[in-house]
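What follows is subunit A paired twice: with subunit B in the first complex and subunit C in the second.
Up next, the complex of A and B:
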């Protein structure tokens, strides 16, 4: 391997990238767009769920319960309806996420010291939101019920017990203290951006030479396949690392996601991940001489596993066993785990030794294969 | 005019038949994606890895611990011996939830005071953490309720039935088991079709331009509008096929119910395809090479996807973003899809979505046809 030839190859690629401002713009705008969309658009901590109430009783008790819903930060009672039909229509038409029905005999049952049911209708279409809403509604009703019971006990002259009930859960959240969805999504987005940009750019490098007919010229030079690979990938590696840095800056300064780890571990693991992505892109590019086909496959092989099977948004431990096993074979799983741990937990080599080693092995293997992927033959 | 369009259509279908990448792109990625998404995309929370440290060892604390053991939401993986180990388990991500019951737990309960339960939750995945905390709360409050009832029984047997309470009667509609697949599969019909059709349309035209055959076509007597029709009609038909393919796979493989009318879905699909074709056409007017088209497509598809409500609820987005979602045709189509799949709603409820898609599609199509005619000069 000669440094001179390698540098010349890199220089040519750099010039090509530079002269194609659109690609360069994509490489730099893509991270910004992804970060802004995902940073602002993804939020699981729902607040202000719209509630329609059907208060059949209209008593002091039923109004008191509805007031509790109104006072909770999770609910907004926007309308009172007077029939089931109106309520059904509202839920069908997505006017509200929750319908509360307080029956005619609500106060009477409470007065008789019996249990009084409150119907809570949830639109289950969005199962995650529905599940959270259900939990919040149950908490509101339970607190109301507790207070009714205390009043009743007091009126009967019985021992009331502690203010906050017999058991109090004292929750402590670690690593993401405010349970911000942003802190959960943004670190993984770095991997998403690098997979996307890396795949889009490299998958075309060899295919382009074939399509434009410059491959023959390249083959006639004394350059070796390994030099072609390294020379071609150096510019994209530079762009990829720039993107990683850009993402880091945006996460920390713009979105104020805590960064508790070290810069060294961030950049070293990002470099390893980038080597894997670029290597895969290069191999695909060498195997498929059609630009469009190459970029389609590259996206399927890099972006899909990184967005879906890495634990980026969907927790791996909830997937069926067969898919859980597959994720262990995927490089993105390790990088996303590392990113989240570096950002939020401040983890270092001691905690992340396993995933870091896995990523390194992946990088070496892919790198080795990529060197052999390109042959200087014309067929 | 009809004959010219017909010839154009024959040419287009011949090209698709001959191009193995084209066929690959139309069939394989959507199928892989629906299967993977169906299995992997879930926000449900089951078997959360949990550690419990019981420092009290009373009857009451053991009872509380047993409720976690018996619950399918929690998976008791470790029983640490001291606080330090409990902390380390969370620190090393061995468990997501760590519960600590302090020595006084049983005693406080018996005295009628409030007994605290310490819960540490790993907040890295904020959604899982939020839901897991809610389940911990439910178990604790059910335990408290039962304890109180037992207590009343013991001291005042006469009152055992009499005790007012307000209880929640849950009525989850449309998706009674809160199954994530029922939420994601109808959404996939729209998202995957959007991706395929936008790419297909933009490539179909840009390729002609890139390899220089566009000029050849333009010297024939064919008029621009006929050319556009010749390009979009095949894409439209392929779009219908893809919707059918993904929808059938989804409802047969994943057993997602289909409760509405096929006609309403067909109408919604046609209106949706109108906007997607228009966007594809628009991208083609701005690009010279297929690679540019591919990349530009991404700049439309990513926001369209994220802002549609496909995975992330629109209601919790910031106001400005919520406004932008009104420009996203996928947003409306997803409401229609979820309506016909899960809710069985008809036009009486879905007409605003239909109108919105029709307006959006017409405006977009008008703009892109104008731009396309200009781009030919």
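Up next, the complex of A and C:
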């Protein structure tokens, strides 16, 4: 290993990235775009669901219930209709996500202390939204129902506690106090950005030399395969770490996600993850020798599993057992776990020893394979 | 360094029974030759003759299937890196970085060849003057014309002062003026003791070489200095025939038992015969009888192209004597 050759290689690669608008876009604009798109676009919080109401009764009671819906941050009653047909049409036409039908005998049943059923129609096309909408609606109605009960008891002159029910839950959420899904999504997005940028840029690097015919000249010189690899990866490592810092800054100052861990643990684990990603990109580039093919495959083996199986957005605990086992083989799983813990829990090396070690093992193994991936021969 | 038999110690390159197969295709078939220091060795032959493959094996870019190649005293199959430190190579396709400036390309290759940093600036200056690119140091390589690109590639290949230079069709696609200039540079290198291997399919360039290896379909069909190769034709064997129409004349002559070979060269025919004197008397009559007008018939000195056409056709009388 000669430092001079390694430096010559790195400098050349830096210049090429700097002069290639496409690479620059991938290196600098892509992370920002990804953070913005995923930060704003991917949200599991359901707010302002549009509601159509079919109030058959039109009484003070029924209006009080609808007001409860209107007051909730989750619902927006946009229209009242006068027939089932109109309600069905609204749901079919995607005008509303939820329909409420209040029966004509609503007040009478309440007065008689009988149960008063209210119909809630949910568009189940998106099962996640439907489930949440159903849950929120149930909560609004339950609360209303509790209040009605309390009023009835008071009217009867019976003693009533400060709150409605005899047993009250006082929930306290840790780590993501506001239960913002953004706080859960954004830390994992850092992994996604690094997988995308790192894999895309490195997958092009060897393939480009083959495609442009510069490889033949390069391998006729005394540079060793290890020098080629390290020389080429140094610039991409620098770019990747810059992107990690960029993502961190955006997460904290733009999206206001709490960052409770230390910068050291963030950058050390990011470096490990980057080594794995760059190693994979390099191996693919050396094997495919074609820029388009190499970049496609690189995205397929890095970005895809990272977005689906790392627990970035879809909790691993909820996956079927077979797939859960598979995620243990995936390097990004460890990085995403670490990221979430660093951001939200402020976990340090002591708590994260396991996943950090797993990531380090990956980095060493992939690094070793990558060194052997590139050979100086035209055969 | 791999010790080699004393017989080859003075040879710069020694190749023995070299074979390269790609699957079932034999690209190089039992090729042997030697080259000594400061010699300009030309590889001549049509596309696919195996010239590039031989050069790539000698540079350690391809592993030979069989046979040995000793370059600068080193067995290239055993220690290609040691060979690479002592050779310069210019591939057939332009293979510098188009998106780098002239001087950035030079600096990059100086770095790869491990040129001592104390002499880097001087070597780069030399290379720039060799390529005639002084004042264009910061031009983007992509903007250079073909001839300048080739000379820059040569400049990059000699930054580390290699003992042996391999140039694979360095002048293809370059204008005649630049080709001439390039050959002057090659002669300059050879004069300084650098062994130069050049492949080309321009027959006129063959005359600039000290020795030639004529290749066809992976085999060496002849080897020798240009005069030696030309002498393979006996004096007075080759006739130039100018006639009209050319195509019919070619057919007639190829059928004629007196004619060993007839081929179109430019706007005339080159005809190989046993006895020039008799043929010059009989051929115009023969052509006239078929309604072909014969304007001129005269004996000429064979060019290397004549030699090659004849050897490639496999009818070379005494070709073996030179091998």
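As a working rule, the second predicted complex is superposed on the first by the 370 of 379 C-alpha atoms of A that agree within 3 Å, B and C clash if a C-alpha of one lies under 4 Å from a C-alpha of the other, contacts with A are read in each partner's own complex, and residues count from 1 in each chain.
Here is the rule we go by: a contact is a pair of C-beta atoms (placed from the backbone, for glycine too) under 8 Å apart; a residue touches a chain by one contact, two chains touch by 3 or more.
Since this is a predicted model, take the numbers as computed values, not measurements.
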(request) Using the superposition on subunit A, decide if subunit B and subunit C clash or fit. (result) fit
(message) One more residue to check, A:213. First (subunit B), second (subunit C), both or neither?
(response) second
(message) Between subunit B and subunit C, whom does A:131 touch in the aligned arrangement: first, second, both, or neither?
(response) first
(request) Mind working out whether A:9 is in touch with subunit B, subunit C, both or neither, as first, second, both or neither? (result) second
(message) Residues of subunit A touched by subunit B versus by subunit C: which partner has the larger set?
(response) B
(request) Identify the partner contact of A:289: answer first if only subunit B is touched, second if only subunit C is, both if each is, neither if none is. (result) neither
(message) Which partner chains sit in contact with A:26 here, subunit B, subunit C, both or neither? Use first/second/both/neither.
(response) first
(request) Give me the angle at the C-alpha centre of subunit A between the C-alpha centres of subunit B and subunit C, rounded to the nearest 10 degrees. (result) 90
(message) Contact-wise, after the overlay, does A:222 reach subunit B, subunit C, both or neither (first, second, both, neither)?
(response) second
(request) Compute the least Cα distance separating subunit B from subunit C in the superposition and give it as a whole number of Å. (result) 14
(request) Name, in rising order, each residue of subunit A that touches subunit C in their complex. (result) 2, 4-5, 7-9, 11-12, 15-16, 19-20, 212-224, 376-379
(message) With touch defined as at the start, can you tell me which subunit A residues reach subunit B in the complex?
(response) 22-23, 26, 29-30, 33-34, 37-38, 40-50, 65, 89, 91-94, 97, 106, 109-132, 134-139, 141-142, 144-145, 148-149, 152, 156, 158-159, 161-177, 179-181, 183-184, 196, 200, 204, 290-293, 295-296, 300, 304, 308-309, 311, 313-315, 317-320, 323, 340-341, 344-345, 351
(message) Which stretch or stretches of subunit C touch subunit A in the complex?
(response) 56, 59-63, 80-81, 84-85, 87, 89-91, 93-100, 104, 107-114, 117, 153, 156
(request) Mind listing the subunit B positions that touch subunit A in their complex? (result) 21, 24-25, 29, 32-33, 36-37, 39-47, 49, 64, 90-93, 109, 112-131, 133-138, 140-141, 143-144, 147-148, 151, 155-156, 159, 162-176, 178-180, 182-183, 203, 290-292, 294-295, 298-299, 302-303, 306-307, 311-313, 315-318, 321, 335, 338-339, 342-343, 345, 349
